[in-house]
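Next, two complexes with chain A in common: one pairs it with chain B, the other with chain C.
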Partner chain A sequence: MNSFRKVGMKKQLSFKQQEDLVMYLFTIPALILFVMFVIIPFVRGIFLSATNWNGYSQHFKITGIKNYVRLCTDPNVLRALGNTLIYGCGSTLLQNVAGLLFALYLNKNFVGRTLGRTVIYLPVMIAPLIMGYVMYFFFTLGGAMNDVRAFFSQAPLDWLSDGKRAVAIMTLINSWQFAGISMVIYLAGLQGIPTMYYEAAEMDGVYGWKLFTCVTLPLLAPAVTSSIVINLIGGLKLFDIIMALTGGGPGYDSHSLSTLVNRTYFGSENGGYASAVGLFAFVLIGVISYFATTTLNRYQEAMS
Partner chain B sequence: MSMVRKDRQWWRYPVLVLVIAAYLTPIYVLTGISFKPASDLSSYWHFPDNPTWQNFISAVVTGHIFTALKNTIIITACSVVLIVSVGAITAYPLARMKTKFTKGMTAFALIIMMVPPLSILVPLYATLVGYGGINRYWGIIVTLLTFELPLSIFLYANFIRAIPQTLDEAAHIDGAGPVQKA
Partner chain C sequence: MKKFIVPFCAAAALAAVTIGITGCGKQGKKKTGPVTLSFYSNMTDVQADLQQTLSNEWSAATGNKVEFSAPGASYEELLKTKMAANELPDLFTTHGWSVMRYSEYLMPVNDLPWAADINPQIKPVITDKNGKMYVLPMDVDIAGIVYNADVLKNAGVDVDSIKTWSDFDKACAAIKASGVVPIHMGGKDNWTIGQFFDWAAPSFFVTNTAANERDNLKNGKFNAQLWEQLSQLLADFVAKGYFNRDVLTADYLSDQQAIASGKAAFGFYGNYFYNSAMQYNKDARLGMMPIPSRSSDDEPSLISGERTAIGVWKDSLHKQEAVEFLNFLAKSENVKRVASLSGTPAGLVGVTAEMGTLKQYYDKYAAVKTYPYFDREYLPSGMWDVMCSTGADILAGKPNAVKNAAKVMEQNFNDKYTK
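Coming up: the complex of A and B.
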């Protein structure tokens, strides 16, 4: 901030100061947006979370930490938290494994490679909400999956009636849909590895699994980092698929923190409590993701 | 060597068929359903015997799909232009300078990128009501812009870091001001 102070004192700015000033000016649009649409709502949220505001009324009372006490003892919040972690970590794991396998598989030159890449990337371009409704046709009582069961003369199953199974199904759908992103990241990473490393490995007689773990994987470290971070973020934010498939049900069994906030605000008209849950999610997910990212980055730097 | 490799390629084709099947089945089922009248209760796997356009007609007439499409196009076009341009402008100083301010802003952008926007849904909605941005295009565009901006900043910052700083210095010698350099 030095340069700002010096503007008044000196008419002529040195080149460095001039440049710094312009640099700071460049950040202003983003700064205004962040302040207006993140920081102000955040601060307002802290205030609202200490009230019993119902979402539209002009009249509300300040209730202090009552919402937070309720939050700590609410089993629905705890379950949503658990589900969010399952959605986040589960789909990160599945997407990365699947994406890496797809990338290794499609990295070699063969006919149909482009087709494979296109088809795997296709669902990424479809809105998750639409994908959720498509999947609804598979998992409803009269849906496509039950037709498969009927084909093997099994009784139809209500796939989404069990909370745990619904969570697993939605994690799978999310991973299936977004494995293409991981694949693209890993493909880019694989193409960045110079072939001379492989030639050297070939000379040393290194093949197969050992080649993969000793040469490919360490050189892919940056791709692994960005893929994990992007998928973790996507999984922890999961909202659309849940809304389309179960709406958080049965009961509150498959809510993520995002859908729970939505439900508490628009469904139960409990603005104060919803913003308390929201702030809790904001801080918690922010801390988890921030630590994950910085740890991964440090690990990656140590590796290279 | 190359001969041996070629011989081991055959397994790629069955795998390709499986992968394509896994990824196109939902689209096949969706297409089938979209051509079925609501009264057709046959299996979703079964493509309708006499396909009907009725569903598409009602999507246009009663579903107003073109209005939705128009909204989508307006919102997407505006926010993409803004995200790309504001992201580039912001990323330059964040990538080139190492001060407390830029470090803090980078960390803040990272956090925004990570937290679900819905976590501040309640106050954000209330704030937007205050700005008069509910049911307006600019309301959703600016909100989208804010929450997508960090990703754009990040991608740009990584690319800008890859441009050697010596190029900046060369431009300086050639008489380029800070704005031209960016």
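Coming up: the complex of A and C.
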């Protein structure tokens, strides 16, 4: 179909084209902001990653791929990479399992259901940095966790002094804080499942675990995709809780790639190298998110 | 409608770049009439309040305005971001880094009326290799090791008998035997870990007139073996249990609480520690002692450096007014107020600060040699973080932490050193 109406010798846009044009015009302010605050700094970051810029001077030298070569063998980067994968994948697993369990339980009709949903969602409302500071007082030497140990006649423990333990604690805190988001997504998914499927399953004598795996879970596939991708990106970018609880320490033991970029830029005054680490983190999160989304979309199609 | 996507994206990108360029450009022409100066300070609490008061007094006298800002812990990060954008405040404090970090952005002050009156104790620290000075030093930071006098007395330790690190070790053992933590460090604020190295390093690298590394460090040679010995000193103290149990997770505030309340003896902090610590216990008897030497053929020393030092941004649009404000701050009565509040000597000759209980220590140790802060004078900028992180590994008791500390310090020194 010819999309243009010829009026005399001039081509005029059709009504649909005019509608589309207006919609594109509305995107321009957001596009401008996106280019200014994301694209331009990103391109500049790529350039700076090839320099020895200290982060504040107006003078620097081009060093080529030196920063990337260093990144490949820097034990601090490798450790931060491992921690980032734990924060991302560990938090995603815990948040989704907990969120799904909460949603399954709180989808039933009982007194106190709304209160339960509110209580579980409340930690999401607290700023992660504040949550970190609050939790610091739980895990400090004279904190609540050692009060519990004292109740059981155990000696106090400096919970955050061991890097691996600190990483596990922060993964748990992050999971607990944002399990409410998964709960909300799964609740929406559960409420979108037509009851006729359950009625049909009941008629066929399908109950319990089989009902969950054969009916509920396949129909929750879109919710699973959304929840996992959101949690994964959030976990891989974890920053505030780490800064509040350990600052990335002891030493460099609990840094994520995000906090390492911060420390390398401001602490070590190595802006060029920090840009390289930041770019590496971007590629990593992008690749993981891409594979996660692709895999989950295939799962979704298979379920449907 | 795909034909619209590319032109729209291109238009948006062009618009964004145009806005960015015009937005980042220098701000307009200089206006006549009263001006507004921006003044950033790294100080907090009462020191920041006094600087705000001085700003208000100058504003009232001249009709110009001063927008004073004291961002606290994020000051350095904020200034680094502003330096990167080349958009600095008209005046800002340099907290020890006027030459090594900020000189690229500061206006030299050698020609200003008070420059000739700068305290000789601080003058070398704020002068670059070309003889240029960049800041007004309102006071002089003189630092030793802070201690709780009552704790030492109860443990039977005579502070005047501590001349070397070996004497310090024995004192710590006696304090530990008395049931008190010898050294309190708030390692979660990892700058407190760097403090140990900054305090102890001069006794290894600098103070011994007969054998020191001053010239080597200035010429880009780092003695990794010596740093390993310094790191071993820290490791030995850790192994002997001289630090608080939560050394890696306690913070600086807990240091103040512990030393002021008699739960710990020593802290590696400057005299800024006193006013803050006394808030926890007004009756605390806190003292300052020189930093021990490495061996008996050397002498204990003190550290001196910038504390409240203010400079003018060399590209300020209101340079004349900024200099007038700086000259106002340099008046004797204002220098006295700032130095008295810090409890430190004044930065200008002819001004006598009221130093309170600390005066007895300044008088007692007037003949003790002072040396600049080790990292500011002898290490490239950016090494502080390396000292903190390698020190944390030693405190955590990691395998090979001492050797790694020396190796990493050497690597970073060589990477960052510039002539």
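Going forward, the second predicted complex is superposed on the first by the 287 of 304 C-alpha atoms of A that agree within 3 Å, B and C clash if a C-alpha of one lies under 4 Å from a C-alpha of the other, contacts with A are read in each partner's own complex, and residues count from 1 in each chain.
Methods note: a contact is a pair of C-beta atoms (placed from the backbone, for glycine too) under 8 Å apart; a residue touches a chain by one contact, two chains touch by 3 or more.
Note that the coordinates shown come from a computational prediction; the quantities given were computed from them, not determined experimentally.
Once chain A of one complex is fitted onto chain A of the other, the partner contacts of A:Phe138 are limited to chain B, with no touch recorded for chain C. Contact with neither chain B nor chain C is seen for A:Tyr87 once the two complexes are overlaid on the shared chain. Of the two partner chains placed by the overlay, only chain B lies in contact with A:Ala281; chain C stays clear of it.
In the superposition on chain A, A:Tyr24 contacts both chain B and chain C. In the superposition on chain A, no contact is made by A:Tyr186 with either chain B or chain C.
After overlaying the two complexes on the shared chain, residue contacts for A:Leu236 are found with chain B alone; chain C is out of touch. Judged by the touch definition given at the top, the superposed model places A:Arg263 against chain C, while chain B stays out of reach.
Of the two partner chains, chain B is the only one touched by A:Leu115; chain C is not.
In the overlay built on the shared chain, the residue A:Gly247 is in contact with chain C alone; chain B does not reach it. Within the superposed three-chain arrangement, the count of touched residues of chain A is higher for B, of the candidates chain B and chain C. When the two complexes are laid over each other on chain A, chain A has residues 20, 24, 27, 31, 33-34, 36, 40, 55, 271 in contact with both chain B and chain C.
Residues 9, 12-13, 15-16, 19-20, 22-24, 26-27, 29-30, 33, 41, 43-45, 86-87, 89-90, 92-94, 96-97, 101-102, 105, 107-127, 131, 142-143, 145-147, 149, 153, 172, 177-179, 182 of chain B are the ones that touch chain A when the two sit in their complex. The touching residues of chain A, counted against chain C in their complex, run 17, 20-21, 24, 27-28, 31-36, 39-40, 54-59, 139-141, 158-163, 246-247, 249-253, 263, 266-271. Across the complex, chain A is touched by residues 1, 4-5, 8-9, 11-13, 15-17, 19-20, 76-77, 79-81, 83-84, 86, 101, 104, 187-190, 245-246, 248-250, 381-382, 384-386, 388-390, 392-393, 395-396, 398, 412, 416 of chain C. Remark: chain A residues 1, 15, 18-20, 22-24, 26-27, 29-31, 33-34, 36-38, 40-42, 44-45, 48, 55, 102, 105, 108, 110, 112, 115-116, 119-120, 122-123, 131, 134-135, 137-138, 142-144, 147, 176, 233, 236-237, 239, 257-259, 261-262, 265, 271, 274-275, 278-279, 281-282, 285-286, 289-290, 293 touch chain B in the complex.
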